[in-house]
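Provided herewith is a single structure, encoded as structure tokens, for subsequent inquiry.
Per-chain numbering from 1; labels A, B and C assigned in written order.
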Amino acid sequence: MQQNAGVSGYILLLTVQFVFIVIFGIYTDYDTDLQPKNGTVQAEENFVIPKYPHFQDIHVMIFIGFGFLMTFLKRYGYSATGLNLFVAALCIQWAILMRGFFEMEHRTIRLSLANIIGADIAAASVLISMGALLGRITPIQLLIMGLIEIVLFASNEFLQIELMKIVDVGGSITVHAFGAYFGLAVSFILRPTKENAKPGELESASYTSDIFAMVGSIFLWIFWPSFNSALVDGPEQERAILHTYLSLAACTVTAIIISALVSKDNKLDMVHVQNSTLAGGVAVGSVVNLMIHPVGALIIGSFAGLISVLGYRYLTPKMFEKGRIADTCGVHNLHGMPAVASALFSAIFAYFATKDAYGDSLYTIFPGMKNSTIDDNEMIIGGFGRSSEKQAAFQLLAILITVCIAIVGGLFTGFVLKSPTFKNLRTHELHKDDIYWETPDHQEYNRDEHLQ
Amino acid sequence: MQQNAGVSGYILLLTVQFVFIVIFGIYTDYDTDLQPKNGTVQAEENFVIPKYPHFQDIHVMIFIGFGFLMTFLKRYGYSATGLNLFVAALCIQWAILMRGFFEMEHRTIRLSLANIIGADIAAASVLISMGALLGRITPIQLLIMGLIEIVLFASNEFLQIELMKIVDVGGSITVHAFGAYFGLAVSFILRPTKENAKPGELESASYTSDIFAMVGSIFLWIFWPSFNSALVDGPEQERAILHTYLSLAACTVTAIIISALVSKDNKLDMVHVQNSTLAGGVAVGSVVNLMIHPVGALIIGSFAGLISVLGYRYLTPKMFEKGRIADTCGVHNLHGMPAVASALFSAIFAYFATKDAYGDSLYTIFPGMKNSTIDDNEMIIGGFGRSSEKQAAFQLLAILITVCIAIVGGLFTGFVLKSPTFKNLRTHELHKDDIYWETPDHQEYNRDEHLQ
Amino acid sequence: MQQNAGVSGYILLLTVQFVFIVIFGIYTDYDTDLQPKNGTVQAEENFVIPKYPHFQDIHVMIFIGFGFLMTFLKRYGYSATGLNLFVAALCIQWAILMRGFFEMEHRTIRLSLANIIGADIAAASVLISMGALLGRITPIQLLIMGLIEIVLFASNEFLQIELMKIVDVGGSITVHAFGAYFGLAVSFILRPTKENAKPGELESASYTSDIFAMVGSIFLWIFWPSFNSALVDGPEQERAILHTYLSLAACTVTAIIISALVSKDNKLDMVHVQNSTLAGGVAVGSVVNLMIHPVGALIIGSFAGLISVLGYRYLTPKMFEKGRIADTCGVHNLHGMPAVASALFSAIFAYFATKDAYGDSLYTIFPGMKNSTIDDNEMIIGGFGRSSEKQAAFQLLAILITVCIAIVGGLFTGFVLKSPTFKNLRTHELHKDDIYWETPDHQEYNRDEHLQ
């Protein structure tokens, strides 16, 4: 048993934490806003950190939202909530560093609220990948995966946002598509042998675990407008809030109705209600600050709800059957496809973006369309002064590159995790807390297993 | 089974969603604040949307609060959380339109954060009605009810607030009283036959479902100050927060003590703890921005806790016994009676409102008491320049009209739902998820049923 | 049974609530900010109450966080959530008064948002003590304890912050250390006889109750940055947020790894994941606004995670074995030791605090180091113009005095609760909801008890 539990893995992770501390000591300091002010003592009584409520909403999504959404498995609730916390706590530290390396000034990463918002969002991509693999990898494998994924995430995010200047305020491309396809690629490498390719005995919900999952699902639903609007200000922010709200509402109605129409005996399916109702938040992500108008948000949301439910109903079983690609939480239906759709929408709306419709905000929303004379010292792939058609092409390029990096990175990570260095779970160990957790009385546990 | 599941009902609702999209396309656009700004580029870094944290708190109340409060039934947790999400997602879209029609400019409803706050609050009234009927109507009936109710809600809200200029910042009259009596009137029409008028076999809690319900209850408790203060600003807002906090605290202490004193063996009753502790938020709603002073908030809260527990203990059983009016969640005790009390309090405090106590804010709080010369082009029922006595009379008129509209509207809606067009649930189908949901292994489910 | 249930106790508490109302009526009024404004009518549209989101986060911690963290016992979930609500609702009222008495002006306590933030924080200390005693005292004993504790809490808080001018922005000294040692002292007095000193039959978790506890734990984790930054503004506030975030992240990683390393078969222990992951929030509390730098936060967090897990694993069983001091939730490991560590850290950082590092904020952060000529009319124990060494000494004195007051106060309170006036629970009544709650079908309940 000692061998299985991976003492050496835990010691490795402890070393990682120690190394993080050293790197933080060498390379990080406070941002100017957090430094003590000298001279004039300002009245700070009405001081407000503008994005703090947004941050806390996102924080709830990452730790309660993702954590509890994954509790739907009947015997994996400790892992869902506990490993979600573990992997996110490790990844946010690593994300602060990796993302910071790209913005270093004088070899120092200057920290403020913006960095921890960015870190939380980065962690989301890992948690999405975790969803694809839920119950199929060990805690150590999961954390190693997270460490590798954050490196690629931060690089791709920098490439897309800073160098290619694409529009992706809600992170559909950089977070959702990236996380989903990365996780699926890992899942492909770790796929079961043909003999073992059947749904796990414990790969289903109990009545109670399904309701726990609703805690996570609904909190994600509630705070998604904050996720999609955290990186913009002013009218853009309020548009992002409105669009996400409307998209989720239409998505929910459509998804639940479609669920009834395509399910056995026309009964509602909790998997759809927990997951597909959220697809509207993903699908609107890349266009959330654009002039898509309320009706655009509703159409996008409805479409997302539709494809997500159809994906759960028809595509996921097929992917497992034909390609033995397991996707425990169905992240392809909640994050993958809706994110690709969002990228397509962003290309369409960029294509039709005009100075008339956007006024001066055209250049803050699409910085690549700015006149190049202003920002000479900034490097942009594709250059400044883009036409709207060219911006549209870059949006398509963005999703293409992102999915490629995610898949190649995921395949590589899968090979690493499959190596004999790491323990791999055997079939009877899947989706089971008690391999890695002390659970209440083992005997009762087994008996209980047959009850719900 | 196919027939029962109501395919045609779901297709009808899908059509409704489609029609909503069309109407949004024709009649809605962004509010000025959400339009791109031209000319001067403002520094928007410290931009804050003032009511956004309030909105998110209310959003939690609507989707987590109401949803989980209704999970207390042992086998209705999927419906409680899932149908709550479904009906609210549909109703918020409809409420944006219906409420918007009353404020249209140039045939356009201009959307901003204010509209979605208003939509969430409108949805609350439907969810309150849902509480009265929980487990007794089909999903299709529930959604049809919501669609009808929103029309009446929006009309009555416009009548009370805009035309009659009554004071009801926390929505006790327009939301709580309306939702409760509407639901009870529907319940009256759908009442069981005399032979079937006995408490349902599944109409009780399990140990686990009761704790799930506490998730909802406590989140409602926590964020109620935001619900009651979202529509006011400045000192009024901070008073509303303080009053709601104090009222709920006193209500909770009183309700729990009274629960022990009136219950069997002096044990505490979870129904009271989950529901009556919230009555203080309702009872203070109509006076929440008035000068009721901290002590006034405590008295109102204690009184609400007292009548709510007594209502659960003595009135609800009697209503079912004598009138066969079922009220699954006891909304009459949590929303109905406390809201009527709140209206009475508002009449009393309006009666004694003076320029001395309120200063210039007298006229912003009670717009009907303003001098008419200022706002000539606004129509107010009862006219401007009201005396405080007249304002008090209007507060009483408001609750009277609201309850009448709610009851008549509820009776009408009940008749619609009872028509043979809709499937009505039979006795053995009440309070049971598995009529409309795929539930984990049916056999185990039935066995499990007898366990908790 | 009637006798046991303590009707007289409930009537006493009802009287207390009545007395609170009277005292509020005599001694409280609105703060100036909440009074109606006269004369110039300000544009209040963009009005924001700066600390309101912070308040709501703390509010979630107190009522959901503490309440659900304590649901981990398999048959004490009604009490955990319900009594948490009950005792907090009573204590916040009492805390407003007790804390207010120290700041009265013209015999009036002027209420605003600041007072209810302070009241929520005060209630936390009682809920921490409750954690030590969970399942071992009656509701009446618990509430009486809360009433006594609030008096001592408010006095000690005033002594430390206002008179001794110590630094303790996150309340590690005044809240966490105080609450933990107070509770442990009560527990010592109420300790079982030697014959009965064995772990209770029901003193453990079920699979479901452990996941409920994660709801509380994770919400505490998420909102802890708000708890630690609510009482400061400007750069101090943003530093406090960043430090708490980093400390919790490092603490979580360290605690979970150490949990695996020291537990049987190297499996993870839910107790550690639920509790020790939070110790980083406590340990950073007293230094949260100081210039500890990001790396300092990570080191403090890791250290806290380490000692907390070791405490749960080795110290708590020993305390029960040797001293018969029960500590149901292990508050000594989550609140006690990390808080003492935090005080030591605060002494170290105060010792090295210089004008160079802090600029002018040195005197707002450490008011005792200000030049005395400025604030002549304020009394400070130790006087103004302290050196940094002297401030360090005062930090040490603060934790010493606080722990002394907590222990002496707790011993006294324990004697009061042990007196024959109050019913004391017998061994077979421990950790059991159904002594004080109506629970679903008693027979099934007992059968169910043996299942999970």
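By our rule, contacts are C-beta pairs under 8 Å (C-beta built on N, C-alpha and C of every residue); 3 or more make two chains touch, one makes a residue touch a chain.
In this text, all values refer to a predicted model and were calculated from it rather than measured experimentally.
Trainee: According to the touch definition, list the chains common to the neighbour sets of subunit A and subunit C.
Mentor: Output, common partners of subunit A and subunit C: B.
Trainee: Is it true that over half of the residue numbers where subunit B touches subunit C are used by both copies, so same, or is it different?
Mentor: different
Trainee: Note the rotational component of the Cα superposition from subunit A to subunit B, reported as an angle of 0 to 180 degrees in steps of 5.
Mentor: Rotation angle, to the nearest 5: 120 degrees.
Trainee: What whole-number Å value describes the gap between the mean CA coordinates of subunit B and subunit C?
Mentor: Each chain's C-alpha centroid was found; their separation is 34 Å.
Trainee: What positions in subunit C touch 2 or more of the other chains?
Mentor: 48, 53, 208, 215, 451
Trainee: Could you please specify the touching residues of subunit B with respect to subunit C in the complex?
Mentor: Interface residues on subunit B, with respect to subunit C: 48, 50, 53, 57, 74, 204-208, 210-211, 214-215, 218-219, 221-223, 225-226, 233-235, 237-239, 241-242, 245-246, 248-250, 252-254, 256-257, 260-261, 263-270, 273, 277, 291, 293-295, 298-299, 302, 357-362, 450-452.
Trainee: What part of subunit C is in contact with subunit B in the complex they form?
Mentor: Within the complex, subunit C touches subunit B at residues 1-2, 5-7, 10-11, 13-14, 17, 20-21, 24-25, 28-30, 33-39, 41-42, 44-49, 52-53, 56, 59-60, 63-64, 67-68, 71, 75, 77-78, 81-82, 85-86, 89-90, 92-93, 111-113, 116, 139, 208, 212, 215, 436-440, 444-445, 447-448, 451.
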